[in-house]
Structures are given as C-alpha cells and as structure tokens.
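Letters A, B and C mark the chains in the order given here, with residues in each chain numbered from 1 onward.
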Amino acid sequence: MGVGLQVTNLNAWYGTNHALLDINLPIPANEATALIGPSGCGKSTFVRCLNRMHETNPIARVTGSVRMGDIDIYNDVSPVEVRRRVGMVFQRPNPFPTMSIYDNVASGLRLNGFSNRRILDEIVERSLKNAALWDEVKNDLKKKSGASLSGGQQQRLCIARALAVDPEVLLMDEPASALDPVSTAKIEDLIFQLKSQYTIVIVTHNMQQAARVAERTGFFLNGRLVEFDATHKIFTNPGDKRTEDYITGRFG
Amino acid sequence: MTSQYKTSKGNRMWRAASNHLATGLAILSTILVITPLVVIFIYLLYKGASSLNFAFFTKIPRPVGETGGGMANAIVGSGLLLLVGSALGVPIGIAAGIFLAEFGRGGKLANLVRFTADVLNGVPSIVMGISVYSLIVLPQKHFSAFAGGVALGIMMIPTITRTTEEMLLMVPHAIREAALGLGVPNWRSVLSITLRTASPGVITGCMLAFARVAGETAPLLFTAFGNQFWSVNLNQPIAALPLQIYVYALSPYEEWHRLAWAGALVLIVLIVVSVSLVRFVTTRGVLKGAS
Amino acid sequence: MNFKIQDVRVPGPSETPSPVSDPPSGPHPGEGPSAIRKFLLSRGSSAFADRGFRWLMVLCALTIFGIVALIATELTLRSQLTISKFGIKFFFGSAWDPVNGKFGALPFIYGTLVSSLIALVIAVPLAVGVAVFITEMCPRKLRGPLSFFTELLAAIPSVVYGLWAVFVLVPLLREHVNPVLMKLLGWTGFFSEPNFGIGMFAAGVILSIMILPVISSLTREVMTAVPHSQREAVLALGATRWEMIRMGVLRNARIGIVGSIILGLGRALGETMAVTMVIGNRPEIVKSLLAPGYSMASVIANEFSEASDDLYLSALIEIGLALFIVTIIVNALAQLLVWVVTRGAPARVN
C-alpha cells in the first residue's frame, strides 16, 4: 500500500538559482497526482526533492520538510533509505546496459544484498507483469540485455525495476515524453492500474495525460505552486488566472 | 597588367609545386617511419624464430661455453614480477580512477592527484629503479622479486588511473541516477553499476599498462636484479625476460645472442597481442551499449 | 535511525485499509510486499559503508601523491652527501673519477642533451610529416592500420630497440652512413674519426625512432582537434591542400605540436636501456658526434650496482634526482601546451 506525503515550506536551489519557493502540498496516498507547468517551472526539481535525488547534484540545496507517514525524510532517515521507499522512473529510459532483463528488474534487491533466488524469480515475474511487459519478454529474460529492447519496452522495464523493490511511492518524471504514442498509451494504462497499490506522482508537460490519469493536479510556474486541486476542477474551473491561461494555451 | 599576370602565373605554378612537394614529403616521411618498424619486425621474426625452440621455454640458462639452455626461469620470473606488479598497480590505479571520476570532480585534491599521476607517468624508468632500490632493497639489504614487482606496479598506476577515470566519465549520468534511485548504496552503485558498465574500457587500460611494463628493464636492474637459476621466491633475486635480453645482448657469446633474439621475439609477441587485443576491444566500441 | 522507522511503520495489511479490492496482477504469491519492505528496512542506511568506501578511494588516490613525494624525498635524502660536498659545481665539473672521489656530472648532462637533440632533429620533421599524412592526406582505409603501426612502434620495449641497434643499426651506421657523413660534413668537426659505430650519433638515431610515435600520435591528436571550420575557411579562399594544411591546420595546432615535441624530448631525456647499449659509455665531452659518450640515465644503469662507497652512490642518485626534476618540468610544460590546444578554446592565431 502506498503512503501519503506532506510537503511543507520546501525550498530548493541550484547554486544561486532559487528553483523552488515555499512549496506546500499534501500528496494523498493511493492516488495519482499530476504536476504540470511550462518547462523550467520547477516541477521536475520538485519530484526529485521527494526522494532526495535533488541533492545528488553537488551544487544543489534543499530546505523545508517532506513527511512520509510519520517520518521526515530529510531528518529522520538517510537518502538511501528514502529512495528504497520512494521509487523513481526517469524521463529517459535508463536500463542498466550490461545487465539482462532479469538482472535489471532484480537489481534493486540484489544490489541491496538480497539473494534468495526463488523469491527473486517471483518478484521479477510479478514486477514485469505489473509493468505489462511480462508477455513480451518472458522468453528471453536472461538472454536479452535491457538495452536491446525498444524505447517503450525499456521504460516499462524501468517501471518494473522500480516496482521490484516494492516502494510506497512511485515518482515519474515525464515518463512518456521520449516515447511514441502507442507506448505512451501503455504507460498511461499502467499508471491507472498501479495507483491502487502505490502513491503516484507524475510530472508531465502533456495536459491531456494529466487529465486522463490523475485524481489531483498541481500547476507550477516559476518555481511556485500556483494551484493544487482535484484534476477536473483544475481543468474545468481553475481558481487562478495563470492556471487558466496555461490550460487554455494562452501561455508563452 | 601583363607583369601582374605573369607573377600570378608564376605564383600559381609555385603554389602547385609546393603542394606536390609537401605531399611528396609527407609520403616520404611516412615511408621512412614505417621502414624501421618493418625492418625491426622482420629481423626480429627471422632471428627470433630461428633461435626459438622447445628448450627455450623449458630449460634454464647453461653456463658459458655450453650450447642449449633456455629462458624458462626468466619467463616465469617475468610472469611473477608482472603478477606482483598488477596486484599492486591494478587496485590502486582503479581506485584512484574511481576517486577522480566519482568523488573528486573538479576539486583541488583531484587536480593534485591528476597532476601527480602525470608526473609519475613521466618519471624515467631508471629513476623509478633507484627509488625503489633505496626504498626497499637498501633497508632489506638484498635484491628481491618483490622490489621488482613493486617498481613495475608503481609504473602501471598512472595509465590505469587515467583510463579508468576517462572510461567512468563516459558512463551516462542516467545510469548512476537509476542505481541511486533504487536506493542502492553509493559504494555498491559505483562498483556494480558504473564500474561494471565501464569495465571493457577499464580492462583496456590495465592491459595497456601491463604491456607497457612487461618490457621494462631499467626498473628491474637494481630491484629484481636477475638470476641465472630457478627461483620463484619473492624474497630472492629473480630473472626477468627483459633483463636477460639485456645481459645476453651485451655478452660476447654467439649462443647468448641467439637466446637474446628469441627472448625479444617472445616479449614482442606478448606485447603485440595485448596491444592488438586492446585495439580490437576499443574499436569494436563495447561501450556503445552504454549510451 | 533504523529503529525509528520501524517504530513508526508497521508493515503489512493492517497499516491502511485497502481502498481497492483486486490488485492488477492478482494476489502476491508467497512473500508479500511487506516482506520485501521489511527486508529493505533491515538493510540500514549504508552511510558507514559509503563513507568507508569513499575514504578508501581517497586513500588510494593519495597513494599516487605519496609515491611521488616519497620518490622526491628519498632521492634528495640519499644524495645529500654530494649535494653538500659539491653543491652546484657538481653539474659543471667534467671529471668523473670515482676511484679518486672526483664527481662531475657535465659529461652525462652533455651526452643526454646532445643525444636527445639529435633525436629531435631527426624525429620532428618525420613525425609531423607522418601526422600530416595520416590526418590530412591518407586514404581512409590506410588511416587505421597506419596509426596502429605507429602505436606498435611505441609499444616495443626499450631493450628490444637496444638489441636491434647493437646488431643491426650500429653496423649499418659504421659501414654505410658514417663514412658518408664524414666525407660530406667532416669539415664541421662534428663527424670525424674515430668511427666505432657506437657513440652519440647512434644513440640519437635509436632515440629518434623511439620518440617518433610519441610525437606523431600527439601531433595527430592536436591536429584533429583543430575545428573543421578552420580548414574550410582556408579552402574557401581557393587554397591548395598544402596551403590549407599549413595555414588552416598547422598554424592553429602549432602550440600543441610544440607540446608534443617537448613531450618527446621528455621521453628521450629519461630513456635508458637502448641508449646505454649503443652510446659507448665513456664520460668524455668530445666534439665529434661519432665518438662514444655517456648519458645521465646510462651512467646510473651501468655504475649503480658497482657504486661501492657512499659518495659514489650519492653522486649517482643526485644524477637521478636531476633527471627526475628535469622530466617533471619538461612534462608539465608539454602537458600544458597540448592542453591549451585540445581542451582550451580554439587556439589563437596571432
């Protein structure tokens, strides 16, 4: 089951660039939350703050708090522990090129020291099924390299890899932006199914996508969260003029 | 008008002529460079192959005046020295490369390490020899295979470090992020993901370093020292192929000259094979999958 | 840190009532998700291992610095005896008489410099010619094999070059080349009797063959770093191919080419085995290049193991120290020049 996140007064910097300003946002459990906004608005930076990937950049800095259940992910636990519980799917598919499909999916557990083969087999199969990739790859799990799949398959492989460690929250940073329409549709179906089990945060520049998959939507602009509400409210009756301009395409 | 036309015509001829001349000179210099290599190789093959026999690989040197004998002890000795050298040079070299690529980026410490690696790379091999002599041989009061191996190992480090750094930097950032995003500890991600992805290139660097020190003689003169007899004791002087070639080449005996040529051939084959392997690996672009 | 998480999280279905009844792939077989989460929670923060790993890598990197520092101090300490006894005069004295305790390094410095200069005079034009041919003129198919060939030349060990020089090059020079040189250039005094074959000139020739690949491969690298637009700009003016190479390529790459030549010089200065085998090993300064000489590296190679008393040893180590310092300076200079061209902004044309 997923768990909700509570973001309070989050600020982030890249060097001297103040990328996020005072973000306050509740992310409900077992729902998909979409984050939209023009490029450079800070939405990607925001999700990277939710699993502490932001700080892997040496010039990056974060203040504020993100609570997951009862723990503050910035104070109570290490980044490694956070990332095990908050999985991430990146904009471009990034399977490990030297590993087979099986090894890619098993990597999160194996690299954390898990070695029970029987359970690994089960988890790999279940994760690939959950990522709707099982039927396409089940015959050459250990023969084919992850890099030999098509772009859409690679992205689903990355989703399966993220699911294998059974995270509570799944962050997706424009997961379909590098994919063709058919693969995009598959990924969207997937998100629709996965949100019963996981809390999903999806960054997208595609408003239709947000409308299709997410219960709630947040609109970012210039590092600020302008509006956060139920998706149908954002798209039919936004409370802020800037949101309306963006939704109706009257923006930049 | 006419004079202008004339000079421009002469000018044009001069330009054409100098163009041909330059092309000719470039081709000539290429031929001049290729020739010694071909001559050396042919001579080596001819001299070496006619001197190589089974005994070369199985027998130890005979005393002066007797024919026959081989360099079995020198071959084994070289292997042992290279083993000690690799055991020292490969881990330190790779670890320093990891530091430069993963932790040091652009820092002062990284620049210092990079600079000293270049310095170390330029240290004349004979200077390396006397340094290891005064660091290890003098305190121990005897020559040893161990000291020779240390000298070779130190000489391997800079090449390995710089190639490891270069190869690790070629691994896409997205791969690192993928590993970190799974909650994999950093050390595990560096070793099992980044280094593994870059491993063809890193191995290439190690082979280059290996080929480079395999033929080194000067660092062994006062460390491994050489030995006419069987020895696999790390604490004793030990024979090495390049050392033996040196001693035999300068000896007055025809029989020993023969053995020197045979040894040179074996050494060159070893080196050419590893350099070719390296080239094969690098031009095949094993790293392509990583992009 | 860990127990904190476990305190707050009670894994398993009791945690939150499931809003959805059937998960997409049916029931989880065997180990449920909570088991995986429990396992991962038990893995801890790894902060300790990460820090240890990082320090280990730093330590190995520092080892490189440590080795260089150790070499420098060791050489300095072990040559204290001659440094304090002779001072700077050590490098200007031309008498080398270990038996009577006279140590002057000038003949070796002279031999090292002269043999390296001969090598440069022969190697530089050829190396640049080869680099020009390979990068600008040669058919694509030949490019790979040719550069591989020059790489091979660099991979041949010094001692094998020496072996070849002793048995092939030296007789060749003695019988065929030196007589011609003596006839044509004998009046300069640089090529006069005696003609042993071995000597400064033979050392220079073998050195030139050895540093050629170094200079030519670096020159090639520098030349390929010259942006294509530079070539096109010159070609667009109606230049011939040679003019394009001269003005568009060589001119832009010249700093780097000088760098690669200096790097070749660094190699030549420290080269030991091949030189030792053909230079003649006589500590004298003679005008004729055909006469035997001695180099800094070869005197160490030859006499180090016979150096019986401390002063003798100290003198040899001081020569090593001098070689060490000179090669550091030369290499640093060369790296800087090559770096300016290949990584810095496009080289400036004055």
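Annotations
Convention: contacts are C-beta pairs under 8 Å (C-beta built on N, C-alpha and C of every residue); 3 or more make two chains touch, one makes a residue touch a chain.
Predicted, not measured: the structure shown is a model, and the values here were computed from it.
Each of A-B and B-C has its own count of C-beta contacts, and the greater count is at B-C.
With respect to chain B, maximal separation of chain centres occurs for A (centres as means of Cα atoms).
Mean C-alpha position of chain A lies 48 Å from that of chain B. For this pair, chain B with chain C, the centres built from the Cα atoms lie 11 Å apart.
Taken residue by residue, chain A touches two or more other chains at 80-81, 84-85, 112, 165, whereas all remaining positions touch fewer.
The residues of chain C that reach two or more other chains are 40, 46, 50, listed in rising order. Residue positions of chain B touching 2 or more other chains: 183, 185-186, 188. Contact residues of chain C toward chain A in the complex are 1, 4-5, 8-9, 13, 15-16, 18-20, 23-25, 28-31, 33, 35-37, 39-41, 43-47, 50.
Chain contact summary for the complex, chain B toward chain A: residues 105, 172, 174-175, 177-186, 188-189, 192-193, 196-197, 199, 289-290.
Partner chain B is touched in their complex by these residues of chain A: 51, 53, 56, 58, 79-85, 87-88, 90, 92, 94-98, 107-108, 111-112, 145, 147, 158, 161-162, 165. Chain B makes touch with chain C in their complex at residues 15-16, 18-19, 21-23, 25-30, 32-34, 36-37, 39-40, 43-44, 47, 91-92, 95-96, 98-100, 102-104, 109-110, 112-113, 115-131, 133-135, 154, 157-158, 161, 183, 185-188, 190, 211-212, 214-218, 221-222, 225, 242, 245-246, 249-250, 257, 260-261, 264, 267-268, 271-272, 275, 279, 283.
Chain C meets chain B in the complex at residues 40, 46, 49-50, 52-54, 56-65, 67-68, 70-71, 74-75, 78, 125-130, 132-134, 137-138, 144, 146, 148-153, 155-164, 166-168, 209, 212, 216, 240-243, 245-246, 266, 269-273, 277, 297, 300-301, 304-305, 316-317, 320, 323-324, 327-328, 330-332, 335.
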